[in-house]
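One chain, subunit A, links the two complexes that follow: it is found with subunit B in the first and with subunit C in the second.
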Partner chain A sequence: MAKSVETLEQSIKDVPKAKKLESKKTWLSWGLLAPVLFFFILMSVLPTVWMFGLAFYDYTLTSAQNPRFVGFDNFRDFLANRALAGAVSRTLIFVLSAVILQTILGILIGVLFWKNDKMPGRRLALTLLFTPMVVTPIATSLFWKFILDPTLGVLNFFVSTFGFDRIDTLSSTTLAFPTLVFVDTWMWTPFMTLMTLAALGSVPKAELEAARVDRLPLTRLIRTVIWPHAKFILGLGLLLRIIDAFKTMDLAYVMTGGGPGDRTELIAVSLYRFAFKSFKLGYSSAVSVFLLFVAIALTAIYLYVLNARKKAEE
Partner chain B sequence: MYDIRLENVTKEFDNFTAVDDITFTIPKSSVTVLLGPSGCGKTTLMRMIAGLETPTRGRIFFGEHDVTDVPTRRRNIGMVFQYPVIYRGTSVRKNLELPLLSEKLSKDELDKRVDEVAEILDLTSVLKRRVEELDNGTRQKIAVGREVARQPRIILFDEPITNIDLTSKMELKRSMKELFSRLKQTIVYVTHDQTEAMTLADQIALMQDGVITQSDSPKVIYENPNSQFAGWFLGNPGMNFVPSEFVSVAGTKITSPLFTQTIDLGSKATSVDILGVRAEGISVSISQVAGACAATVTRKSIGAGGQYLLDLTVGGLLVKARVSHSIGREAKDTVWTSIASENITFFDSSGKALSSEIKVK
Partner chain C sequence: MSEDTKMKLDRRRLLKAGAIAGAAIPAAGLLAACSDDGGSTSGGGSAEAPAADSPLYGSNATNMQGKTIDFAYSRIGGWPPSAAPTTQWADFQAYALENYGYTVNDITFVEAGFGELFQKVSPTLAAGSSEYNLMVVDSQWLGALSEPGWIVKADDVFAANPELDIEPFSSLVRDTYQVYPDGSGIRWGFPQMPDTQGVFMRKDMLEDPAEQAAFKAATGKDLPTTYEEYVEIEYSALVEIIDFFHRPDEEMFGTALMYSKEYDFFSCAYYPFAYSTGGKIWDPETSDVYGILNSDINAAAMEEFVGLMKYQPADAASFGIGSLLDLFNGGKCFSAWQWLAVGAFMGGADAVVKPDMVISIPLPKWDGKLIGAMGGQPWVINAFNNDDQMRVAIDVLKWWYTKDTQDKFIKNNGGLPWSKEGAANPEYLSVAHYVEPFLYMLEEGRSQDFWHLPEYAEMLAVQQEAFNGYASGTVASAKDALEYAAAKQQQILFNAGRTTTPPPENVDSLRL
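For the complex of A and B:
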């Protein structure tokens, strides 16, 4: 009996020691994280907080005045601004049409590559296919601008060679916007192809083979074998693409500068103008906050749907 | 029902021959187990029967039909995979029904078939559950049930109980034994587990390095292995081998430090190189008896059946002997062993058994 009490005491003595070790370990992990955290806070958290703050101030870099607190005035102005409302709805149409096109094309090309895993030159074809995605958007925008140029562009060279009238797509009120959607699709379809390939790759081989043995019709195969595995990666790709498309700036800014008129004026282009042409930092912060909330809302909806599905499955 | 005939079937991957010119008939309405170590080509052979792989050379027939170029979908086979395949987002009942939907059965017939297999596999209580909720063991039962309910003429099993936990393994093995005794289909079952093979097979086709080395009922293969490989692979522990340095051949007579008798093999004696004896073929007694050799016990372990497994050194060679519970319990450092001549299998220098041609006198 005495001995067990002793060991009990001993073990109680051991407790703080163990805790000390534990806290040392915690310090080590925090220590290792510190440099990353430092830069993350410096480059990401602080500017965001700063932006939130600025959104409530009237602050223009070019004026001599100090920032002035204006409450929700910036937001009120922004919501009353017809041009901005137009830019937002234009952006939504841009996101919808471009992402839908990219998804459909991406899935089709992905399935094609997936079905033909023994085709010769598959690897080379895939590499080439992914180049548009790897090239800097500015470069892409520039060379498409050159291709479409009404006098020097290679497109119009062919158009005129075949005896048609030259077309100036980027200055055309009807064609400029679809052209932007087209170039964006050209640039980002490979991404959806990649996501499709990854999604299809996540379907276990045995399940596909079992479906062949069990003679499942195509619709069943898609519904009960492919979709349950593929949906997460595909959904993630879609989400990333939507958020990214929402922020599209370089493409429109370089190719059309938002024109002709306001036909291709996406919200991010307006934002850029406010911030770096007019230097209205307070106002553009308010717009940014709005955009941030749109992105958060989209992510939240996606996560909610994903979780709801998961729950339904459980 | 169909038998499955393989004619000179060969499968080569880049620079590796997985299946090497196999000509073999898998009899109809019985259970054939393809047994062999990993990489012996058994799964590849099965996948070719299923049409999931195409043979590099050779033909495959189901009965009279050449199916070599028939796609999997049109072969009318069932297959259970090593990885438990379930069709997600549906109930267990729906899973069992899915392959049946293309058969255009009446509702009554459909229900009857599903209920029947559910009953045998003990799935009745979970029929309404969603498949995602169930563990791997139950998932594999569903997979087995799904293939059986469809009643194809041929059902293939690719190591179906390898990936599930021990309890479910025993349970599934039992239900499959029950199923196999009722089914009239031609069943091919691939495994590397000899116990599974012994339990389930009507006949075992033993495979090594892409060829079938022996095929017969489990009993015949166990008692008359035609090669050292068969003797070693079937049996737990595998057969004891007495290498040539422990075997003396003089004229027609064979002697060895492991036993006291002289065995007369007639003219065949000269080809004998290695002797084989199963663990239970060694008789062990606690006290000295006439015609026995002294053996040292180096290790003792008890088996699940209560018998003991003894590691013995006899005449300088380490062998394993399986003995009854009472002998095992009493065995001390030294025991007395004898090996009856009929318990000995004779192999030539290439490892081929000579026993079928040899009569022990």
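For the complex of A and C:
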């Protein structure tokens, strides 16, 4: 009994020490986090807050007028702007067509490389395959623009050499948009291949082995063994691509400038024009806030998928 | 999760959202407060000499003695004439040391294309920074830079340094690069690189006897070959020549013009067609656009201008300055309607088309009338320079306008003479073929600039989109494109308080 009392007393004595240690640890954690937090607040939080504020003001950089509070006018104008509605719908079509194509191609190429460890030149092929994803979008846009140039481009050089009519893809009202989707697909299919390889790699070997021993048909193998494991990583890849494709600007701006007319004017290109051609900073902030909410909505879906994964694992 | 917890969470979310909104509104308020002192416009063109110790006089024998200073300027990316100060900077370093006893380090610069430079420069000025001590800017920006008080009034500099007030070759130089508001006589800029438009053609093709004979056989006329024969040429006659040399099967197109949506490419290339046939784009006195820009004359001019695309490659709707350089130098087109300031680069030693294969001429005439568009850029001085920087900025201008510097600029670096004295210098006339057409286009009334208003960027973006839409085939007619641009521009100017005439009632429902 006496010993337990002593132990209890000792424990009570140790409490402040533990608290002190805990407090030290907390300070250390905050100290280590501080630089990152500082830059996060400076580079991300403050500009976002500033942008939210600016969305309620009429402010044009070239107007020589002070920012003027206009409440929700910028949002009202934005929602009433039919050209912007066109840009939003065009962007959605772009996202859908590009991401679907990239996913299908990515999965097919991923499956081709999966388990084919002895394929000759596999490593080199994979490296080359991932190159488009690594090149900066501006460089990609520029060299595709040069390749496709109807007068000086290499593609049309061969087309005319073989006696066909030159193709003017980027200035054609019917071909410009599909060309943009094609180049985006060329650039981002490797990403979906990568995600496919990661997804397939997440399937436990034991389960695959068991399926092989049980001689499971391919459809059942995919449905009952591969898909339950692979779907989370594939879903994540898909969501990341959707978010990224929604923000596409550089590709359209460099290759077509949003043209011909407004045929390839995606919402991010419109935003760039408002902000840096017309210098309407208040209005473009309102458009940015809209885009931010779309990104948040997509991120929410992503988080939902991740949570679903956790629940499934539990 | 219990209902109570849910309510707490919801309340917490609500509070968080409120806190964000609460922070956002004052942040914007702070933004407004920060710029409170930025709205004043310096008053009219006083020409009183500044106080004796004003830095606007530049340096003297003592006040910069022994100092070392950094200096920066802004320039147009990919536009060689605005890069010349960098190329010739060593001369200024020697000039400053010899005349004023100070050392100036190598010049630093920011550069961007025509469309992007303003966005690089203006935030620094809005923040009251002297990051760029002198700036090469586009003439359209004079209003946007002078109204907030970001640049020094040139009249004040002239009052202190009358030698900088150089007599221009024509009033076009003053009206384009110096004066804002239009017609006020108040000057803000200093000419850096005036520019006008012309047509570059393949001299070797014109001088080919076989071509001359073929032309005679096809048209019954002699093919003009010299500058003198072309200087007064009519538009229809030039188109006939373009048509003759248009051979798409041989990958030789008749001509190339700018139709791009980028910056002012379409607009400036189109303006001569409108101006020269009696069209106007706005009324500078009332700041009205609607009813002026969307005229039948302008529509017919645009149809004619866009009609020339049949002599060009299929992607002409995206052509800008660079595309014309590529096509012409690559030997893919017989002629190109181009800015004369890039004359030094139309044809090159390493290109398919060599410099001696090129002739340049002024724009053609429409029933004897010709009004081209002005290009080129002025210098402006940052109003936030400290005293030392201001002195050096003035010194740079004094150096820039010395005969030696202008000689090097014009003879070696693609510059063009714009002063009365420079234009009369026979040495400059013989520098290159494009000097003579440049001066011809710079004569009184032969070219004109457009808006210098702070709203230029918004107006230009609207117009470029509409005009390019017509060239691209996404806007049904020239009239529709002009109607859209005119209504939107009227709205912009009305909202800015520049005009009392409201835009048409259907302005918000107009769509391209």
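What we mean here is this: the second predicted complex is superposed on the first by the 289 of 314 C-alpha atoms of A that agree within 3 Å, B and C clash if a C-alpha of one lies under 4 Å from a C-alpha of the other, contacts with A are read in each partner's own complex, and residues count from 1 in each chain.
By definition in this document, contacts are C-beta pairs under 8 Å (C-beta built on N, C-alpha and C of every residue); 3 or more make two chains touch, one makes a residue touch a chain.
Bear in mind the structure is a predicted one, so any value in this text is a computation, not a measurement.
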| item | value |
| --- | --- |
| Simultaneous placement of subunit C and subunit B on subunit A, clash or fit | fit |
| Subunit B versus subunit C as contact partner of A:A83, first or second or both or neither | second |
| Partner chain(s) touched by A:V49 [first = subunit B, second = subunit C, both, neither] | second |
| Once both complexes are placed on the shared chain, angle at subunit A toward subunit B and subunit C, C-alpha, multiple of 10 degrees | 150 |
| Touched partner set for A:P228, first subunit B, second subunit C, both or neither | first |
| Contacts of A:D214 with subunit B and subunit C, given as first, second, both or neither | first |
| Touching partner for A:T151 - first (subunit B), second (subunit C), both, neither | second |
| Larger contact residue set on subunit A - subunit B or subunit C | C |
| Which of subunit B and subunit C A:T60 touches, first, second, both or neither | second |
| Which superposed partner A:K25 touches (first subunit B, second subunit C, both, neither) | neither |
| Subunit B versus subunit C as contact partner of A:G259, first or second or both or neither | second |
| Least C-alpha distance (whole Å) that remains between subunit C and subunit B when both complexes are overlaid | 22 |
| Those residues of subunit A which subunit B touches in one complex and subunit C touches in the other | none |
| Subunit A partner contacts - residues on subunit B that touch it in the complex | 50, 52, 71-73, 77-79, 81-83, 85, 87-90, 98-99, 102, 130, 132-133, 143, 146-147, 150 |
| Complex contacts: residues of subunit A adjacent to subunit C | 46, 49-50, 52-54, 56-57, 59-69, 80, 82-83, 149-152, 160, 166, 168, 170-171, 173, 256-263, 273, 276-280 |
| Residues of subunit C touching subunit A in the complex | 20-21, 23-29, 31-32, 35-36, 38-39, 41, 115-116, 118-119, 122-123, 126, 141, 143-144, 147-148, 251, 253, 260-262, 313-318, 326-327, 330, 332, 454-458, 460-462, 465, 468-469, 472-475, 496, 508-509, 511-512 |
| For the subunit A and subunit B complex, residues of the former touching the latter | 204, 206-207, 209-210, 212-217, 220, 223-225, 227-229, 313-314 |
